[in-house]
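Each of the two complexes below includes subunit A, the first together with subunit B, the second together with subunit C.
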Partner chain A sequence: MAAGQQWVLVEMVQAFYEAPAYHLILEGILILWIVRLLFFSKTYKPHETYKLTEKEKEDLIEEWQPEPLVPPVSKDHPSLNYDVVTGPPSHKIIINGKECTNFASFNFLGLLDSDRVKDKALASLKKYGVGTCGPRGFYGTFDVHLELESRLAKFMRTEEAIIYSYGFATIASAIPAYSKRGDIIFVDEAACFSIQKGLQASRSFIKYFKHNDMEDLERLLKEQELEDQKNPRKARVTRKFIVVEGLYINTADVCPLPELVRLKYKYKVRIFLEESMSFGVLGEHGKGVTEHFGVNIDDIDLISANMENAVASIGGFCCGRSFVIDHQRLSGQGYCFSASLPPMLAAAAIEALSIMEEDPEIFSVLKRRCSQVHQALQGIPGLKLVGVPFSPALHLQLERSSGCRSSDLQLLRSIVDHCLDRHVALTVARYLEKEERFMPPPSIRVVVTVEQTDEDIQKAVSCIREAASIFLR
Partner chain B sequence: MTESSGSKLLNGEACQRTLRGKNAGKNGFVKNHCVFEHPRKYRRPTERSQNAAPNSSLYKKPFSESFEETPLLVAVLTYMGYGILTIFGYFRDFLRHWNIEKCHIAHEREQQKDFVPLYQDFENFYTRNLYMRIRDNWNRPICSVPGAKVDLVERVTHNYNWTFEHTGKVVKDVINMGSYNYLGFAENTGACASAAIETTHAYGVGVASTRCEIGNLDIHEELEQLVARFLGVESSMAFGMGFATNSMNIPPLTGKGCLILSDELNHASLVLGARLSGSTIRVFKHNNMQSLEKLLRDAIAHGQPRTHRPWKKILIVVEGIYSMEGSIVRLPEVIALKKRYKAYLYLDEAHSIGALGPNGRGVVDYFGLDPKDVDIMMGTFTKSFGAAGGYIGGRKELIDYLRCHSHSALYATSMSPPVAQQIISSMKIIMGEDGSTLGKDRLRQLSENTTYFRRKLREMGFIIYGNDDSPVVPLMLYMPAKIGAFGREMLKRNIGTVVVGFPATPIIESRARFCVSAAHTREMLDTALRAISEVGDLLQLKYSRRERPLSTPGWTYEESLLQD
Partner chain C sequence: MNVGTAHSEVNPNTRVMNSRGMWLSYTLSIGLLHLILLSIPFVSVPVVWTLTNMIHNLCMYLLLHTVKGTPFQTPDQGKARLLTHWEQMDYGVQFTASRKFLTVTPIVLYLLTSFYTKYDRVHFVVNTVSLLTVLIPKLPQLHGVRIFGINKY
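Entry: the complex of A and B
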């Protein structure tokens, strides 16, 4: 080998001697040029020329014109002028001065104007006042909070529960408490907005699977498994989560929980379940979608729900095993850094839980009402009913879209207005069009509560039918 | 501005944050083209006398804020303290690992042992080995109104704070120096409470819908009109949670291509909101106007990174009173900068609304400025109003835009009616619209209490951070062991205080924090001060090396009141 190299060297020297003079001169010039390019070219000293003088900076500052803080809102923006509700938003609701039957508030169990709940809230108000004046850590923990947490844990048959002072902040804080940068979250496309915000705050990799499509989810999980096999060291520290809703607020259908649990153990992914629509609704005792499917609640790593729908108070909670939940007491941003829930609202929630525990019959009544409304809303010409029969919040979509979202919304809005005129309160489901990851089609939301009578339902349905026949022909 | 400003963070130096700014309104084009002169270099300043008047035309009254230097020996000992704790932590983890020490930590389910661990082991090291030792100082459950005196649920632990048991007894009448009850509106009797009771009768407690759909009650509209009037802005909007007011309303205001300039000590909710907005975020040193101006100049001159396109807009995000520092934002200077560089200003008045200013209208009122100069006025109802939730106030276009685009308006349940009523009643009292002088009296009382309490603590030789007029009073403890000791010793003397350490503060700057309230009587404050002094001697907390101001008997607190 060494001998060979030496031979090449000798050959090179020989070639140098043998080369014609013009060749050597040319090469010499080329070398000089490279040297010049490398060491004497100005392009290699960009800082001198790029640095702005104070004068130039000043000109730039003078020149700069920012955009207005907010773009102007057109006067006829659908969300600009809110309907004004006078008095309590209960079964009978006064909207813009008109008394209507409420088919729009998520007051599924009718606990909002329950006297028992009010009395307990008042007793608490007389003892504690309204506000808490501090976060949980700093003298903002009341005995009522601890009672509510243990009652919720008992109700759900989990080890521990933690309460938040705002429903929206619950899952939005819970997700980033566990899932960090580099972790992977598999999430249903139809997930609600607070989940989306939680995902965004976590800065994890987000993989969306088609709504309720377990094959699609399994495909993604398999892909990830292959990926993990390639890089097992990374896989050992990459946490994986599936985030789903029990009953989807945007589509009114239920997640296939048993299948999800199977996938969980097969691919070793944790499940976070958001039950704001299903807590206090599904299952024999209102425990939600786990009870509905008869799934062991311990198989779900974290359940989150708000206490603003069925419970008709304010706030939210997470429950699960202490190993999981306790972590949020230091890492849940909406828990640590926010003032705690006003004790009177916690007291109201406790009383609502008591009512739910004492009278589980209420859930079968709700279920009956739901299927009744579901049945009655079938086959309205021009409108398509979306949702499962036991969902208390159904969506009516247009059968044929005009292709333009705003004119579809306008059409639905006129149906809602028509019903409002006839004393039936409905609402168009509102979304932030630029913010939603997957925009649900425009729809009218019909909310079922136990307080609605047969006549109420009949009247509402005939109003909708009538309006549809007028506006949709 | 003097060279000292902001140097606390550079070299841990004390600084009398005084100011030598130029009048920007008259002559924006001053030497060096800057509104505020750049410091030539950060030099160790000599401590200035405490009442040095700021040499600035922007301030109408003395702006005196101090952050005394951490004594070197204390800093070294603090680091050593953490070192010892860490070594012991590892040792005990080792013992736990080999089952020599009993472990109380909750465990993963057997069925999920082969999952990727939910927590990295080191993440919980601090919780397990440092926080757990002094956990009894936080989350103390209370069972009464969080007013000037509070009843605590007595709890004991038999396993070194891993679990607590309630004994069933109540620790009565603990003087509450921890709640943010600045104006003493945490009450269960009186006008506010009875109005809230009536509202509960009429409305119930829940709403079960969003503002945008069918949860916009008349009481919300009334509240918003009142808030706008109180703040002196065109329009306002109220939200159900203070934290969410920030985290859900910054994203609709800024986006890609926008720049957010944020104070380094801004609250977590502001940080989260800024992050969710997708804007570029740059951080300036706490309350340091040169740092802010430099960022502004560079940002406008260089544009967006890589593309060098001009920024769409620049939003400066500051707080009124910083809750851990007790400092007050240099608002006149911020406004001068904002005007000069055409940036927008987001002011979070979580702690200052109600607590500052001759009319209780926050930091804008305190400096006697025009609320129209602040583009986005944000604040919370949790503190001074004794309720819950937050608001945003500003020009009508801003609020109209938020009504259509705020995440909270479309997706979150509206504010509970009795809570809204509590705010309405308390705000009317502050404004004097109830026909009494109750509000004025409380504002005066708070200001007197603040001055008295801060002065006394300083005289005792404690290191107290922050502005002389701030009702948030941080008292420096520094060493980790003293965090727990201080909290417990104070509770023994029937005084409830808040102690904070890392990660809420820099690692060596652990502190206790007192929140002065208008509900505190002079006797309560004196009792508290006596106890603090006693504990201070016991734990050797009187670190201050300043000349102690002589407590002249002729000097009364009234003199120091805001001259309005």
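Entry: the complex of A and C
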């Protein structure tokens, strides 16, 4: 046996001596390669950043001028002088000690002060306490959350809904959960700040189209289609989305949803609809802009809204098909890594939904009031009204801008102060000047609620007219 | 699977080859493959060695240089979506220990194979081509390079 094995080995060694030269040379090169790898190679990162010479480093250090940690800011900067509200921001709001009629808070359906909602919230407070002390995955899911999710899904007639504990974080978490690097998002220029933060977090390619301009959007989609045809393999792994708002908070008009759905099916993009201002406002039963236009809810891939406006609670929700919404339960950053919605706010939202379901008359009342206010605010000399007649949050912009944003803002602020002195609460629309992508022009935001009476509206309109005639000569 | 939470590693794919026992299991699995191929009757020893070399190199090419991205979602919004496992290893740092190990093993296997096939010409051609498909993508000059756009997206 041993002799047989030895015989094979001798044959092998003999073959080695008779091996062809090219083969042995190749093996020699490979062994040298191994030696080089093991002993003569250093780890380094490719595409290393440009290495600075010592002199360049010294120059840069010389030129650097330290900036103050807190930049100097003038004493009358608006963010340093804010109006203090004592008590709830209901129909009569107490600002700086003065009781005013509220034309500034987004309490469209008057549910903030509703006794039913308050009772349910108090009962929930007594049962659950105040906070949840945990995210949804870590003993923070209560039965009220599940109930609110199923009620919202049933209300919007979608398969599933998911609750976020902070309205701003809703769309800002939803967009990066689906859209990653290399994907393309077509978004309206007038998108609100939370959408912009979501877009920034998604690291995708953002293409802005002019506000409500479907031809511009179609042009962008056509360009993308041409590129896709040139490179079909890339197109197969690129996801495309359109992000629009139902009622835009910055311009108070509505997106052309049927047109968008037609473009969606023509160019194969997905629609994300942000309905913060239109949920509980538009449509016969308050179901939002889809009901307003009669569009099938299954055509919209994701509807996101915050419950901080009409529903008068805190937080936000997304609704859509189960396949879509379930993904956010693990990938929605605001869902997984924030404490869940306090149960009393969830109970308040459930009660608000019940009120909305039981009494769909309030939506037509709101619509009537909106058109009433829209009518009344027309033709104020010096101010132009921006917004559709059924939008509950309208903007009054200066007809002639002075060219400088801060002086425009001061002018508008003086109008607002004048109205405040006469017990009408209005607000100047505020933006983070350095952070917004497309700054909307300065404006006063007038909010319509169902609780305002005809006298309130007339008084407010006359105050604004008076202020405009005084300040806008 | 939301990955960056329990440990702060953004992309665990980068550390797989450095994990405990990975090198040993890799070597043992090559040995196991060889044993299984040796158990096939009527196949001679040189053919078995060439088969081991080829199957090892094929699997290495498919797993390290073809499959892209991660099987889980990473918190960096898909930075590694178009990168192969070799390119993801150690976040793209070249000549780390795992990379050197994975470059040396196919070469050692090739040397053994050429010894056991008695330097036959046909076996030489087959094994050398197979080795080249595995060695060339590992060069640092070919980091992120997709020839003729193959496997780009």
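By definition in this document, the second predicted complex is superposed on the first by the 407 of 473 C-alpha atoms of A that agree within 3 Å, B and C clash if a C-alpha of one lies under 4 Å from a C-alpha of the other, contacts with A are read in each partner's own complex, and residues count from 1 in each chain.
Here is the rule we use: a residue touches a chain if its C-beta (ideal position, glycine included) is under 8 Å from a C-beta of that chain, and two chains touch if they have at least 3 such contacts.
These numbers come from a predicted model, not from an experiment.
**Student:** More subunit A residues touched by subunit B or by subunit C?
**Tutor:** Result: the larger residue contact count on subunit A belongs to B.
**Student:** By the touch definition at the top of the document, which applies to A:432: first (subunit B), second (subunit C), both, or neither?
**Tutor:** first
**Student:** Is A:131 contacted by the first partner subunit B, the second partner subunit C, both or neither?
**Tutor:** The first partner, subunit B, only.
**Student:** In the superposed arrangement, does A:391 touch subunit B (first), subunit C (second), both or neither?
**Tutor:** Neither partner.
**Student:** Once chain A of both complexes is superposed, is A:250 in touch with subunit B (first), subunit C (second), both, or neither?
**Tutor:** Neither: A:250 stays clear of subunit B and subunit C.
**Student:** Where does A:304 make contact in the superposed view: on subunit B (first), on subunit C (second), on both, or on neither?
**Tutor:** A:304 sits against neither subunit B nor subunit C.
**Student:** For A:19, decide between first (touching subunit B), second (touching subunit C), both and neither.
**Tutor:** second
**Student:** I'd like to know which partner A:330 touches here: subunit B for first, subunit C for second, both or neither.
**Tutor:** A:330 contacts both subunit B and subunit C.
**Student:** Examine A:33 and indicate which partner it touches, taking first as subunit B and second as subunit C; both and neither are also allowed.
**Tutor:** In the superposition, A:33 contacts subunit C only.
**Student:** Go through the superposed model and pick first if A:237 touches only subunit B, second if only subunit C, both, or neither.
**Tutor:** In the superposition, A:237 touches subunit B and subunit C alike.
**Student:** Considering only the contact definition stated at the top, list the common interface residues of subunit A for subunit B and subunit C.
**Tutor:** 201, 236-237, 330, 336
**Student:** Can you name the residues of subunit A that touch subunit C in the complex?
**Tutor:** 11-12, 15-16, 18-20, 23, 26-27, 30-31, 33-34, 37-38, 41-47, 176, 180-182, 201-204, 231, 233-234, 236-237, 330-331, 336
**Student:** Which positions of subunit A touch subunit B when the two form their complex?
**Tutor:** Checking each residue of subunit A against subunit B gives 52, 54, 56-58, 60-61, 64-73, 77, 79-80, 82-90, 93, 95, 102, 104-107, 111-114, 117-118, 121-122, 125-134, 136-143, 145-146, 159, 165-169, 178, 192-194, 197, 200-201, 235-240, 265, 268, 270, 298, 306, 308-309, 311-314, 321-324, 326-327, 329-330, 333-334, 336-339, 341-342, 344-345, 348, 425, 427-432, 435, 445.
**Student:** Which bits of subunit B are touching subunit A when the two form their complex?
**Tutor:** 29, 32-33, 106-109, 111-112, 114-120, 127, 131, 138-147, 150, 153, 176, 178-181, 185-188, 192-193, 196-197, 200-218, 221, 240-244, 247-248, 251, 253, 267-269, 272, 275-276, 297, 300-302, 310-314, 341-344, 375-376, 380-383, 385-388, 397-398, 400-405, 407-413, 415-419, 422, 496, 498
**Student:** How about subunit C: which of its residues touch subunit A in the complex?
**Tutor:** Touch list, subunit C to subunit A: 1-2, 73, 77-79, 81-82, 91-96, 100, 103-104, 107-108, 110-111, 114-116, 118-119, 121, 124, 128, 140, 143, 149, 152-153.
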